[in-house]
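Here chain A shows up in two complexes: once beside chain B, once beside chain C.
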Partner chain A sequence: MNMRTLIVPSDLSSLDLVADLVLEEAREAGLDQRETYQLRLAVDEILTNIINYGYLANGLSGQIHVHAERYDESLVITLEDTSPPYDPCQRDTARVAEDFDKPLEERQIGGLGIYFALQAVSEFRYEYRDGRNRNIFIMRRSRLTSSTTSDQQDVVHS
Partner chain B sequence: MSCSVSIDLHEEILTAAIRGKIDGQSAPGLQLQLLEGLGSAASAVLDVQGVSYMSSAGFRMLLLLHREITTRHGRTAMVGLSEDVRDTMEMTGFLDFFLLFDSVEEALTQVRHHANLDAATR
Partner chain C sequence: MAFTVTSSVDGTVAKLTLAGRLDANTAREFQVEIEKVAEQRPCTVALFVHELEYMASAGIRMLVFTKQKLGSETDVYVVGAQHQIIHTLEMTGVDKSVILVDEFEPAASIQG
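This part shows the complex of A and B:
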């Protein structure tokens, strides 16, 4: 296992820094183009929410720790922050997906970011421990087993 | 700045060449530039050949622009969508609401054609 940590401030300029880290780690981990884009999208969406709603909207500032762990079969990115507890899994993403059949004029604005985050990766986990939100993104390499692929399909359709 | 846009307004059509990443940092400013740049134009051609990434903040921008253009009975066209951005637009049912082209010239011709047809039937 290979681990790396980046510490960034809780403002939007950090989006670029974290995207660069994710892209670099994805390349090292051997993820393909689509997996790389999806993982980057997932991390970017949750990080944007943490900065805008966890910190800025509450008049807070702080540091966000980004861990990248490379294993034989997967890349795990963890965002750790000190803003108030917020579990993205609480969001009703099924309701967001109901809008996909509607004209753009009738859709709700919002919710799409968390929808992307939850469905883009092989597995997403949230924990709150020791005063910290931990958003964990796991991307498994597709070329490994077919069961990994069917797991990903389940995530997309659930 | 992770994103830039150059805007051209000609014959009731806004053409915007966007470069870089459309994310939570760049999208709010870009959205403002596009909506203001629209002026009295009814339609827009977004040249996104230089856009490699678009998060939900960009989808929100597209949604607002599309709504504005719909009230003007115009069309929104996109040129040179990358495969990754196209995938996410397809998944969310966004793709159906935009005319897609490989070149700006082709987009302008078709958008003008639609505008003429609409004018004839109104």
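This part shows the complex of A and C:
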């Protein structure tokens, strides 16, 4: 297993940093174009929600830890944050999807991000442990081309 | 790749060219440009997205905003979208409210 951690501030400028990490790890893990895009989309959407609603809307700031773990058959990205507990799985995404049959001019704006996130990856998990939200994204790859090493690298952005 | 958006209005046709990453951090730039062209009340909006590498839900919200700002009678073309972006539009049914094309030819397109 290969693990890497990135620590970013809780503002929207972190989206690019995390996207770059996900894209790089996806390439190393041998995910195909679709899997890479979908994983990046899922992580980006939940990270946006954490920053906007977990931190900014509550007048808070902090650091978000992003862990990337490469396994033989999957890439796992975990977002850890200290904003108030919020489980994205509690969101009624079926209600969001009901809007998809409406013309754009009649739609509500909101809820799409979590819908994307839950749809995009092979598996999504949420945990709240030791005062931290843990949003876990698992993308299983369809082709096995990556090597497995056991080095570890931590990167901090503040 | 950083997000960029440029626009021009030719008669009743507004053209916007988007490139890079359209996410929650950059969607506001798109919104400002849409508001700018909306003042000229275009009948057709063409979004050239050949160089747009990524679109998050914030981008979908901007398409919703565009339709709500300009009205249902305004045709919105999405020109040259890459496969994954088309997939995102299809996932949300947005493809039914915009016109997806590889190339934009105003006269022919408006005639349908």
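By definition in this document, the second predicted complex is superposed on the first by the 142 of 158 C-alpha atoms of A that agree within 3 Å, B and C clash if a C-alpha of one lies under 4 Å from a C-alpha of the other, contacts with A are read in each partner's own complex, and residues count from 1 in each chain.
Note that in this section a residue touches a chain if its C-beta (ideal position, glycine included) is under 8 Å from a C-beta of that chain, and two chains touch if they have at least 3 such contacts.
Treat the numbers as computed from the prediction; the structure is a model and nothing was measured.
In this overlay on chain A, chain B clashes with chain C.
Once the two complexes are overlaid on the shared chain, A:16 sits against chain B and chain C alike.
Of the two partner chains, chain B and chain C are each touched by A:116. Legend: residue contacts after superposition of the two complexes on their common chain; A:41 is shown touching both chain B and chain C.
Looking at the shared chain after the overlay, A:91 reaches neither chain B nor chain C.
By the document's definition of touching, neither partner reaches A:140: not chain B, not chain C.
When the two complexes are laid over each other on chain A, chain A has residues 12-13, 15-16, 19, 33-34, 37, 40-41, 44-45, 48, 51-52, 99-105, 107, 109, 112-113, 115-116 in contact with both chain B and chain C. Chain A makes touch with chain B in their complex at residues 12-13, 15-16, 19, 33-34, 37, 40-41, 44-45, 48, 51-52, 99-105, 107, 109-110, 112-113, 115-116. Touching chain A in their complex are the following residues of chain C: 21, 23-25, 54, 56-58, 60-61, 63-68, 71-72, 84, 87-88, 91-94, 96-98.
Of all residues in chain B, those touching chain A in their complex are 2, 21, 23-25, 53, 55-57, 59-60, 63-64, 66-67, 70, 84, 87-88, 91-94, 97. The touching residues of chain A, counted against chain C in their complex, run 12-13, 15-16, 19, 33-34, 37-38, 40-41, 44-45, 48, 51-52, 99-105, 107, 109, 112-113, 115-116, 119.
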